[in-house]
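Given below, in the form of structure tokens, are the structures.
Across the two complexes that follow, chain A remains constant while its partner is chain B and subsequently chain C.
Here is the complex of A and B:
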């Protein structure tokens, strides 16, 4: 996001007229000359001015949220005074609340997070240089350096390549761009490059969208060679993805929906009213410092199946352990907490909702991403306004977030802005119970042990009441047939060449994915598998003709089998040479296995969902 | 009147051709437009269509310099792009409408653009070369207008233009359908071809032999074969000549459609020139009457000697003297006279280089005479043989299967007869169309990745209506199939594919 370094860049970035080689060049102007040349020019020019203004404002050494709040209030003050209660003010207030509560907490506790975003801002700036490691997409298209992308090096959060703009060859060759812009063509977010420098480019995107809109239509997709340009219009907010990955249109569109949801989670949809009052409203300050939230979400598109399955996953736990966690969460839910969620990384340990309140899996994904990507949540307890777009996109809820250990965190959501101390009490009660009942240590153990492995798929269908967890089960006797089958596949994957599977329970809104085992040794291979699942998902769930029932798909990489019933969906990947008949048998066995251990891998009996 | 009736029933579709090298200066944008349908659309609208297209071509080149915009999918329309010649673009815009069955496959529409352009090339040469000869472009525009409108009239069904939709998913344009010929007949055919080509007295003459609407033999290059075959099936074969009698051709709509638009004579020049813009300076009416209209309906007939005759080609504009048609070969860029002899179901087309015939029409006449003398008996025999072995319209029906088999390397396709395909439910055809779209994308992607090997892909889907919808792509061959009355297991479906592959595709799609 535009950070304080935007001063010079802002004024240097030219509009459509002069700067970037292609956009400024004659052809594209000609292309839109009939209607849009003015828009292009105006958009660019206006952005220049604002960029400077924003940079000037920001140059006063503001720090974190405090400065942002000030800015928001500045912006909204005039209209607020004139028109009564303004939306900007609401957003502003919410932010103020966070800060003041943190301050209040600071006095009591001594170690509050004084600023939600301060740390992130630092990290986003800092990671700009630490680029090029990890993610494949981050690479430039033609560069196929497997050594780099296959390395298991940790993904670096935050924005990279801020020095690029649309004139840079490297920028143009990035595999996957995401843009958020306003309907007047102002850049709000760009995955790569400095938003201010992309003002001209952003104006072009806006021109394309409004050109088609003026013709009484709405552009969804442009395809060119390997590239897809996907558009999503959400009121005054435009989202665009430009990608040369193999992902189908439906997936990319779903990703734009999630990015929009993430924005709503931070700001609520009432930000629209800012645009109603002032079409040229500059949103960047409101999102200041949230780069890291978006980049982490975008990163999850290539590893987290929840992003296209619209389901969440649970940490495997003994039934009794999860029951114990659920019971204590239920206690607090009865005392005015809307949702109580205990998570470990992106996996749910337990989850309880107040009566009739239902939590959409996409909201959980966005909330967990918001919490996990923001460094400040890790360091102390936090009380933060957030919005759950699927629950109520117009209103803020308040989330009390506290990490119980390095990976496990508790989120208590309420509608009341002054519930901080109550929630803090709740948290302490919960923490005590969880410690006493060993839930936290079980959680850590489960993280170490991992979940279902295709190698462990029982061949013998006899022992019905199996257990996934070695310490709970009696150990699985290896049958002869299992031995011989394993030998036949030379130790790779499970029986019949099974490499991986995902099982999604439709009623529970939950999925379980097997752990990665060979041959999925590298991030690149894992990502390719997810992309293949994604493609299959899109192919099976066609909106126009309704969902298919079964699909078998074989290409040079895998055999994929998908099976959709009223109760569940199964996605399984096999060796490309796998035999159809035994693959089908194996799928049936996987389903049986999942049913046998569902007590441990799913959250059952909890009633957060109202159907 | 073919042209005017197309022009007046257009709402759903627009088609344009524009040249990015023209009209660079402000105020001259109209100059870019070489063709626009419907022509009576206001210029501002035409320009905005072309402006959007051009804008997106430029925009997509930022990221994808090697392949610019191919399609714009909007909520209500699809815009399908085809760069016919460098900087000369064709764009077709179709309206999506679920109720009206207006559900399209992008590649299916692009193939229509490719086809009309290839045919244009065959009769007129490249658009660029015509533009170079005539920078004002007046007569290029007329030629394009007449040619494309004549072409589009084939898609007219009950007064509405119907481009290939999901219902045509078991057809493949720009491929040739072959007749399966026994060994004995093949030898007869070969000798016939040899005799006729020797009659032409030129080393570089070529021939194409059709039985009904199926290809029996060709000595042309693959591209030229497709073009000439396409033209023959459109206008020359017995079915095309007697349009209306039967309609089993694999690719073409029922010929009822064509008769509906075929007026007894070509429309008055006014109906033609009316949609033309007077502002262009040229007197459009005159241009129209000059332009050769090879795709006009009912202008070919069978002469008493068995040769097909037409008055489409005239010695000079306005003259009543018709001359032998001529076409351009894509491969050699050579101009060839086109002669076609027909006996019952047999259509024998031979091409003689214009350069090798010294005394024009006289020379052609002499060649025809020679062919009659030496080959007419052979034609009789070949026709008889082929007729005996011919299984009729449903010859290539395989019961229980609805299929399309495409051999991309040889540009061949074979499919279930249209009458059988028509028994499939809408749901099955929609699922198939969708699956083909998916495979199209995979294929195009493999082309760009160009990692040395062709796409190998097998997709077998059980749709909501329980039909199995299957696609297999392997070594340049493609198989698409719908099994509606199949058992529910995947194994049953793949077994059915296996059997089909072994029996009809020499095991091309068999795994073991």
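Here is the complex of A and C:
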């Protein structure tokens, strides 16, 4: 493997630990052993794993954590390979350094030096708690109040840290970066920092991708210490995620797909033509003002299960209420509207498509994200072109969007660009009916009441045609056995230590998640659970291994039980001390419960096959 | 419809809109920062000026409806005052039938509907102008408009005439530029906005003017608006530049501040209404011509 030029201090011959100058170098092999280039079939490529640690940069005593990168961009002469390598090396070292810190005590302070990415987590390294997955925040500097239980409450939309670039320590310490760049290396979007200042860094990413492509291959993932660098190539658009959050590759890739989809939703795939005309085309102006859309999507990667389940969720509503909403939407759909969607935040109230038109859950997620993150929809009626990537990535549809109240909004999609006044009329008709039939007030009540709670899980398999809502409306009658079981678990969670569950119906493309209740009081805990589910989902759908049917996993935080059948998938979290047999029994009960109330928690009849 | 051929038409393409560039009152030139008049109605009462003429327009419209005589109509309106009316007539005569749906400014005698579109670079304050006018609010935190927002506002004039503005507030982002025709098609009024502190936005405004001249309806009334007039100390585009460009292109010009509400009501309630009413007068005139033709003529003795 050719040793690279500039920036590398010493070249280690191979992956074995003849590490060059590294501070606190004990676990170095460890770091390197983690270096693994996946999916690089071509011979030479594997050599990228050769570790050459760049000189660690810590001067003085407190250095420590931030790993330094070799001169990635300064070495303008450096070949693509050199760029790629230094990247990898570096992160290997980052791991080393980090470890040395966690043993020691050093105040976490990276020292800024050469440019390049070294997004190792820094100052939070000292936090005493064992760092499980998802325990760390994505952003070290973000202070979140643990008291907030609404998962979105603490998050402010919009792009932050625009003043950063790849030379700033804070930027390097970010735990999860997302980049969109063009095939000529021009930055298009970066989660953190100013795109224009990141031109050199994007060029490096582009160099890595195109180097591998020149060898007739594709790079999908580079694993380096705690970091994963995930690549996704979509024609002239490259997407990259650099993350040390320990999320599975499949999940990160799915997130990149969604980001790409969000871009398509705004611009359609015909942007590709701009690149055919001019490979150096600068796309940033085209995306002007959409930072909030992307940042809110990325934020949803840490709270919204729809992002990995590829399913949508409905607002719990009485069957008749939902039918009433559906009927008026259906009226409208028959008059030439392609899709009529009534949503409350990210939950669907009702949804109707014209004949033969079906809406992919991912499109709904992206559309809802687009609408909710753009303030301008809230101020007035709006008529905008949007593209549904799964429906037709090449063409714009026209969306009429109107907020009926603070959280409930109506979206009417059509193919006709001059249908505004028609859609406006439709909206007025719909609004009148919804007000008359009290749908809107029911929606608001449901938002306040919340959905299924594990504490309410019926203990006995009562053969009742259960209804969720009346019980939610007027305090919950609690049976004796429920009471006693609850006491056994000191008031936490539901029966048998059930803390939380997600049920996904495969036919309906819908899921239902129970409300967060103790002990998931904090955002941090909720995010950890979310990440655990995400991991579980990835492992259950790993094509290499074959689909599992059930999985039971116990760790120090909880017991996770996953059960996949042809009809549904159930993910449940229990008390870490929960008994396996009773957990399984509880899962059965959850399924029964969901079936009992499916009229209220799911939108039935949305698929052409059901009545 | 052949009325254009029978009249001494004087097609002057460059001046097509020039008749709108003269002043609201007696041809007095538009001033950059016209003195604030509280409500148009009071202006009307006090001066019997522009709005006096405006309400007369509606009075005559009634006359037209039940008398239907071109002679009455002509004397009532005093068309001689409007320079360039006959060239407008040439264009308008082509589609007298389409008064209602084709054009944004229409209607029965007492209720005028004005479809209006705002265009301009992103961040010049289009949404702020609209929100100031429609809701009387100003929100300094910038919210990027997506596609186009639709707002409407109805104002009542002294003579119980109502004018309903239907406003398309378009997004200034580049990606929506190609979709602008969607919104300005059929608009009676296009308001092109720039930011007086940003020469680039002034350039962009000129781009929009050219675009409208090329692809917009020739009947469209155009306004050039320099916003953020409260930021005098950062001014980069002089008042004179704005006036000059507007005059050259047959637009009217005004500087506004959505933040201080300066000239906002002026813009909508005086300038735009007047411009539209002029247009409306002419439309009525041609209608009356058409009607007159069909009426039995008194035989000259």
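Following the convention adopted for this analysis, the second predicted complex is superposed on the first by the 445 of 611 C-alpha atoms of A that agree within 3 Å, B and C clash if a C-alpha of one lies under 4 Å from a C-alpha of the other, contacts with A are read in each partner's own complex, and residues count from 1 in each chain.
Please note the rule applied: a residue touches a chain if its C-beta (ideal position, glycine included) is under 8 Å from a C-beta of that chain, and two chains touch if they have at least 3 such contacts.
From a predicted model like this one, the values you see are computed outputs, not experimental measurements.
Peer 1: Have a look at where A:436 lands relative to chain B and chain C in the superposition and call it first, second, both or neither.
Peer 2: Touch partners of A:436: none, neither chain B nor chain C.
Peer 1: If you tally the residues of chain A touched by each partner, is the higher count for chain B or for chain C?
Peer 2: B
Peer 1: Can A:553 be said to touch chain B (first), chain C (second), both, or neither?
Peer 2: first
Peer 1: Please indicate which partner A:345 is in contact with in the superposed arrangement: first for chain B, second for chain C, both, or neither.
Peer 2: So A:345 meets neither chain B nor chain C here.
Peer 1: First (chain B), second (chain C), both or neither: which does A:204 touch?
Peer 2: In the superposition, A:204 touches chain B alone.
Peer 1: Who does A:382 touch here: chain B (first), chain C (second), both, or neither?
Peer 2: In the superposed model, A:382 contacts chain C only, not chain B.
Peer 1: For A:212, select first, second, both or neither according to whether it touches chain B, chain C, the two together, or no partner.
Peer 2: It touches chain B, and chain C stays clear.
Peer 1: On chain A, which stretch or stretches are contacted by chain B in one complex as well as by chain C in the other?
Peer 2: none
Peer 1: Which of the residues in chain B end up touching chain A in this complex?
Peer 2: These residues of chain B touch chain A: 20, 24, 26, 29, 44, 47-48, 51-64, 66-77, 98, 103, 427, 430-431, 434-435, 438, 441, 444-445, 448-449, 453, 455-464, 466, 489-491, 494.
Peer 1: Give every residue of chain A touching chain B within the complex, in rising order.
Peer 2: Result: residues 22-23, 26-28, 30-36, 166, 172-173, 204, 207-208, 211-212, 215-227, 229, 242, 244, 246, 248-249, 539-540, 542, 544-556, 580-581, 584 of chain A touch chain B.
Peer 1: Over in the complex, which chain C residues touch chain A? Could you list them?
Peer 2: Against chain A, the touching part of chain C is residues 122, 127, 131, 143-151, 169, 171, 173-176, 179, 182, 185.
Peer 1: Using the touch rule from the top, collect the residues of chain A that touch chain C in their complex.
Peer 2: It is residues 266-267, 285-290, 292, 370, 374-377, 379-386, 399, 417-418, 420, 424 of chain A that touch chain C.
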